[in-house]
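Common to both upcoming complexes is subunit A, partnered first by subunit B, then by subunit C.
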Partner chain A sequence: MNCRSEVLEVSLEGRQVDEALLALLHTILLHRSTGKFHYKKEGTYSIGTVGTQDIDCDFIDFTFVRVSSDELDRVIRKAVAEFKDALGNSGSDGMGQISLEFYQKKKSRWPFSDECIPWEVWTIKVNVVNLANEQERQICREKVGEKLGEKVINIVEVINRHEYLPKMPTQSEVDNVFDTSLKDVQPYLYKITYQITDSLGTSVSTTMRRLIKDTLAL
Partner chain B sequence: MAHFDTEYQRLEASYSDSPPGEENLLVHVPEGSKCNSQHQSLIFFNFCNVYNLHQKNGFTCMLLGEIFELVQLVFVVTFTVFLANCVDYDILFANKLVNHTDSSKVTLPDAFLPVDVCSARIHDNVFVIFILVISGVFWLHRLVKFIYNVCCYWEIRSFYINALKMSMAELPYFTWQEVQARIIEIQKEHQICIHKKELTELDIYHRILRFKNYMVAMVNKSLLPIRFRLPFLGDSVFYTRGLKYNFELIFFWGPGSLFENEWSLKSEYKRGGNRLELADRLSSRILWIGIANLLLCPVILIWQILYAFFSYTEVIKREPGILGARCWSLYGRCYLRHFNELDHELMSRLSKGYKASSKYMNCFMSPLLTVVAKNVAFFAGSILAVLIALTIYDEDVLAVEHVLSSITLLGVCITVCRSFIPDKHMVFCPEQLLKVILAHIHYMPDHWQGNAHRYETRDEFAQLFQYKAVFILEELLSPVITPFILIFCLRRKSLEIIDFFRNFTVEVVGVGDTCSFAQMDVRQHGHPAWMSAGKTEASIYQQAEDGKTELSLMHFAITNPQWQPPRESTHFISQLKEKVHREATGGQQGTAAENHAFTSTHSLQSESEPRSLIANLLAGPPSLASLHLGRDSSIINHLSIGVSEGTSALRSLSPLSTSLHLRGSFPSARLPRPDHPAVAAGRAMAGSGTDARTVSSGSSAWEGQLTSLVLSEYASTEMSIHALYMHEMHKQQSRGELSRHTWHRQESDESSESVHDDVEAIRNLPRSSTFPFATTPSQEGAGLQSSSQRRYGGTTGNSSPRVQRTARMPMGGWSEEPHTGRHHDPVPEEGSEDELPPHIHKVRQHSSELKMDTVIRLGRNQNSSRLFFCLKLM
Partner chain C sequence: MDSDLSPQDRKDLDKFIKFFALKTVQVIVQARLGEKICTRSSSSPTGSDWFTLAIKDIPEVTHEAKKALAGQLPSIGRSMCVEISLKTSEGDSMELETWCLEMNEKCEKDIKVSYTVYTRLSLLLKSLLAITRVTPAYKLSRKQGHDYVILYRIYFGDVQLSGLGEGFQTVRVGIVGTPIGTLTLSCAYRTNLALMSSRRFERTGPIMGIIIDHFVERPLSNTALLHPCNYRAPVEEEGGAYAGVEDSQEVCTTSFSTSPPSQMAVPGKEGGVPQVLLQPSHGTQADHGRAPSCPTADMPHQAPPSSCSSGDADVLSRSSELKSASPSDVLETTFTRKVGAFVNKPTTQVTTASLDLPFAAFAPKAYDLEENDPMVHPPASPTPSSPLQGSLHSQSSSQSGGQAQDDFVMVDFKPAFSKDDLLPMDLGTFYREFQNPPQLASLSIDISAQSMAEDLDSLPEKLAIYEKNIDEFDAFVDTLQ
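Entry: the complex of A and B
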């Protein structure tokens, strides 16, 4: 609850899902990553550089910029691929949402596991549409490109606002704020989760089932 | 973030990680970043616990309290089982002789059964086993909760210590306002709530009181089935802790409740689409919970009885009067609670009103009962006297069977009877007492005013302020009645409840879903009959009853002077304050005389003298009254209203001995303000306590002197004044509505009749003969009455355009009937506003003519006489 949440909605064709999501997630992560911190003392550090890289999309008229870190890219690609699989399995015109959550860790004493406190959540709602012919695909290709451009500007606007960011940590606490597992870049701690919503989710039978379950769950 | 210029260029993937020249780019971690992440989540979810920990005076007290609760539970169960199974009552009652005869005395251990017999008896008894199992499960549940709580509170403790810099030992010495101020400061520094740069007081209150606000609103809109019309008892209220627990379980936190988590309503309940289906679901849930209650009823009932027995028997034995004592009922607490009022604020307010309330209730002694009680007490007393005398003569009398028990019973009987016999030396004036009560409790149905002496009013007040005995009885009955209320009454309302939650839930950034009433937005929920006419756009369904929105807004603004309300509310508040202030200054000449009378009145009446000091300081109430008089062109020489209202407000001023030294500082604080140069500085305070408080917060010299405690006293006084004023305005307004067409005809007979009443009332006021009392009682009464009559004389001629309220009807709202009794037409704003100043002006002149001698006399030696009062009161 104590976190900002931004929602982006895209509707596109099945084969575009990969690239569109990568474009959005990478754009966000580009702005939420720093160079590696090199600590001199407990509270003093220098920051490494971050390279950027242009990526051209195959199925969309779009080029985006991402942090040039293959490791990061691999992680993101894996998450997106999982999401796409789940989306594909759920039915052809699936709807789903994938969310990128930035969080801070809070160390707890022994019996409890570390607590994750999210401070910003980006939710991308994906609506997959089916297109009939090549001409429509062509139009869609351009349209989605424009839409993504808008989204990127949107993201940058949100990020440009002076809003809460975790404060820079000391060396002992750097793991609570940043993901230090990558070699060449250091994004804020994040996790990617997804959820497939069946468009028939509120059918009568499921409602009844839920109703019975709810009433019995005393 | 580091400022590192990265040019937009394609880089090779294999770039070196440590750039050259990094020595120049050293960044330092700012101080104090540590506690930020530590407390971010914690504080957000747990404002409630932060408040609780403060109210429970720190961690250790809380821990001990919880541990003892657990121990108590174990004790009650084991002790009961032990008493039922392991005691040989024949030995205790001496029906059987003890086996061993080495000593003739029977000791307690003799009466205990041996362990094996005892355990065998327990094993054989299925019912006992059942109870043990149930209570064991319950206890384990409590234990888990306890451990969880301790962990939570431990974190909050560290939050207090590290972030707020308050050690647990000194926590009891901080008021909640101070804690709150620190939290707000912390937010500025560390941004514990990440949605906003700054937290406001209202945000904190909303989080702590989210569910309570809902409950208050639901009681306010009479949504909950707690009022019943019973065949023999008439209108009655049944609202117990058990019922409340069930309501909360159903709405807020139980499995499948309307709320998803602590801060947000489930999204399907926010949409109007499938309200019928949701209502069905809710009603079936209520059915299940009702059935569960029914099944558990025997266990809860036994628990309630045992608990009541163990906790009250000893007290009743010690002081049987406790059964005749009264307490604020649970319903009363809900009804009287403002939106956004914390527990301790409510309790202190109600406690201040306790004395007046019990006095008021004692006014209604049934003469019949008194006669009976006197005689019963006489007979019981004589038997008791004989028994005691015999006992004193020879204590063997005690050994005779049932002598001790009859002595005890007779004693109880006499105490009960005595509570029905009124005190001979008390003088009562119900109407005035009710005013005093109103000054504290701030809410009261309209029809009470002027009917304070009637039994109906008393009975209704008894619903708010019930006998302790009734309270205990209701708690005992609760487990039996609750399931039926749930199943038969609440279930029927499920659609209304669904609609209520949908219509009255707003999402506030950084707070979550709150009850929209708790926003205290006059425009959305104001009631036109409560001074928000013209400002409110609420339909009947959306209006809060009894002026709850308006009074809550005032209360919150007064208790949290730092709070910046939204623009419309600011407008409302400042307008109201200005009105009160204007009336205060407008009636100043009158006030001088009034205050005189009123001080003298009070000097006799008040039990604790220092109060009147501060009352002198803030001569708000009398001036208030005079302003009402001022509105109609009748004259200030009828000051009775002032006297009675003055006394009432006086009570509201709690004993404050510090005020004496403050007296001296008022002139200096006030003088810079040029608007009332002619007025004696102390008097200038009259208008509003806020002035004092804003001045005080403004000038540094004051800050040292006024602790926040004193400020909160001022706040409560000021709130009392405003509450009285608002009720007075409301009365005028609604009376104006009613009598607008008929007052011409009624004036003569009504006034003569009610003059009589009022004269009586005034005679009941003790009055000091030491001080000159300028007006005769009859004059006062007449003036009072005619003034209220004439008040709306002016408006009859005015065919002022009625403000058309835009009825925005939410789905599921009530259909808006144009001529419902409970709805008062809005009085046009301009009528009340534009007319006011000339009236006051006139009154000033008038009064100065008429009351020249008094004013001059008072004006001359005002200061000395006031000083004299103070000295006398010391």
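Entry: the complex of A and C
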């Protein structure tokens, strides 16, 4: 099975980075989260309800929808903040990319650690621009809003192709497919990584941080 | 074509499509209300949240959608459309977008109805939630208010896009293949937002009546009515609520199985589709409309206070321009009498024994005072402060009558904690006198006008006197220093 990979590119002003990335990551996670599974006897399970929330951006003319889960929001915000800090500290021209990877765990025998097999990767390439005056900022506000709208349409288009999704797991296997650590929603297992690109366009050294959502490897 | 589909599957599929259509309408209309929507996640399924999504059902919208569908389902050649238009305060209107739920002939015979179709419909609803915030009409709807309002119209049949102007764009929200056809959800939206001054709706006059306040029943009422995209407490709240409850009791699929399937999914295409076979018992549960838990007060559809309170003024200001001339008895009671908050009807225990005591009203009385009581039935359906708080059972809390109405009504003032008018000087009388004191003589207009004229006339004389006595004034000022 090949991993599906999608790339989205956005050019933003510095203060728009947080909101734009939150908008796109949350839009993807909205589609890749379900309600909590409750396994019952006889191999049946029921699914909890996912609530949704409209979030207005302050620096972009845009509103996006995310799942109503403060826990999930905190995790995503933390990842985005780290990326933004890295982007600011790297001394690069403000180019970098953040990836949201959905994966499945495959149990391996001892002494080998579990395999993480990605099945869908979304990469958002960010290019930070500096604007000279308020008028440009206002135009940028609207333009970025429109761009994000286009990206949301792209995301929805990809998701509605109904390509590979992991099989619904049994109770014993659910942690190999879903992140069950949150109390209100259940996204597919995911991890967020990022890379900062230097001015030459190549990825700098090894600024690769992993926010690992699976259990520790052996 | 349908020969491979079992009767149970067919029944389930029809139900899924029906509720999908209803939820689609809810999502679209709620996205054009002009407010941020917020629903809560719940880890325990209630059985009333179709497609595992917390999408509130506004009863009027469900009612209109059902009226438009008239018991049919979107099928080949018969699409369900939701038209969103803008109407200015001057009466000009403009179609902004048309959302279409269509079915074509392309069937996916081997798809599992009970799980795959259901899950994909859920995914499509999520996509709809996302896309409804992206089209241009969303920003317009967030700014609706005094200058313009956003209206919606649901119709069934051929898609009409001519009102969208030239160069309209189309965005496809998604598709879901089913054994009886492929459902497609798309939106065509206007790109040319220059308002046309011609009264466009007149062209469609013979077909539909434009109704701003859809509580009014018109003689030409039919399924193609324009309705405002703002939420007021439904007039027939009880009736509407019951209809909503009835729907939600037609329980949605919440139970799935991980037991081995009886048929394989199409390889390659749905390699990851869970191999699910629904327990037969679940199907019958759905048929019998059993709700695992009561979808009433437990409905977790509550907006955070901040968004609700900010929405208050908007909702009320918008709805203030809607003249509710509803023939409904429930709404008519608001034009009669209204009881102040915390008022209880006098009970049979109230007595006249202690007239001289303060707060004698609270002393128990021997006889029944109900016949002396003016009509004190509180309005049964006050406007909730936000559409998101108008839960299915808000009518039970509406009896308090504490909500402000949009229109000014003449009320017989009955102050809080008061009793009837038996006492010569009770609280009510005191309030009335206190609030309507006689006008001060010096403030009456005639006298002030006269005195003003007199003042002006006598001004030169007064000035002359003051100049003459200027030395006295100076001496007085010196004493002060």
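We take it that the second predicted complex is superposed on the first by the 197 of 218 C-alpha atoms of A that agree within 3 Å, B and C clash if a C-alpha of one lies under 4 Å from a C-alpha of the other, contacts with A are read in each partner's own complex, and residues count from 1 in each chain.
In this section, contacts are C-beta pairs under 8 Å (C-beta built on N, C-alpha and C of every residue); 3 or more make two chains touch, one makes a residue touch a chain.
The model shown is predicted, which means the values in this text are computed figures rather than measured ones.
Q: For A:E115, using the defined touch cut-off, is the partner it touches subunit B, subunit C, both, or neither? Pick first, second, both or neither.
A: first
Q: Just to be sure I read the superposition right, which of the two partners does A:I47 touch: subunit B = first, subunit C = second, or both, or neither?
A: Both partners, subunit B and subunit C.
Q: Quick check for you: in the superposed arrangement, does A:G149 touch first (subunit B), second (subunit C), both or neither?
A: second
Q: Common interface residues of subunit A with subunit B and subunit C?
A: 1, 34-36, 38, 40, 42-54, 65, 68, 119, 164-170, 183-184
Q: Note which residues of subunit A are touching subunit B in the complex, please.
A: Touch residues, subunit A against subunit B: 1-4, 34-36, 38, 40, 42-54, 65, 68, 70, 104, 106, 112, 115, 117, 119, 163-170, 173, 176-177, 183-184, 207, 211, 214-218.
Q: Which bits of subunit A are touching subunit C when the two form their complex?
A: 1, 27, 30-31, 34-36, 38-40, 42-56, 61, 63-65, 67-69, 119, 149, 152-153, 155-157, 159-160, 162, 164-171, 183-185
Q: Taking the touch rule as given, give the residues of subunit B at its contact with subunit A in the complex, in rising order.
A: 1-2, 4, 6, 8-13, 15, 17-19, 22-23, 25-30, 33-34, 36-38, 40-41, 44-45, 151, 191, 193-195, 255-256, 261, 263-264, 277, 280-281, 284-285, 287-289, 292, 510, 512
Q: Spell out the residues on subunit C that touch subunit A in their complex, using ranges where they run on.
A: 36-46, 49, 52-54, 115, 120, 123-124, 126-127, 129-131, 133-135, 138-139, 142, 171-176, 254-259, 270-276, 279, 282, 300
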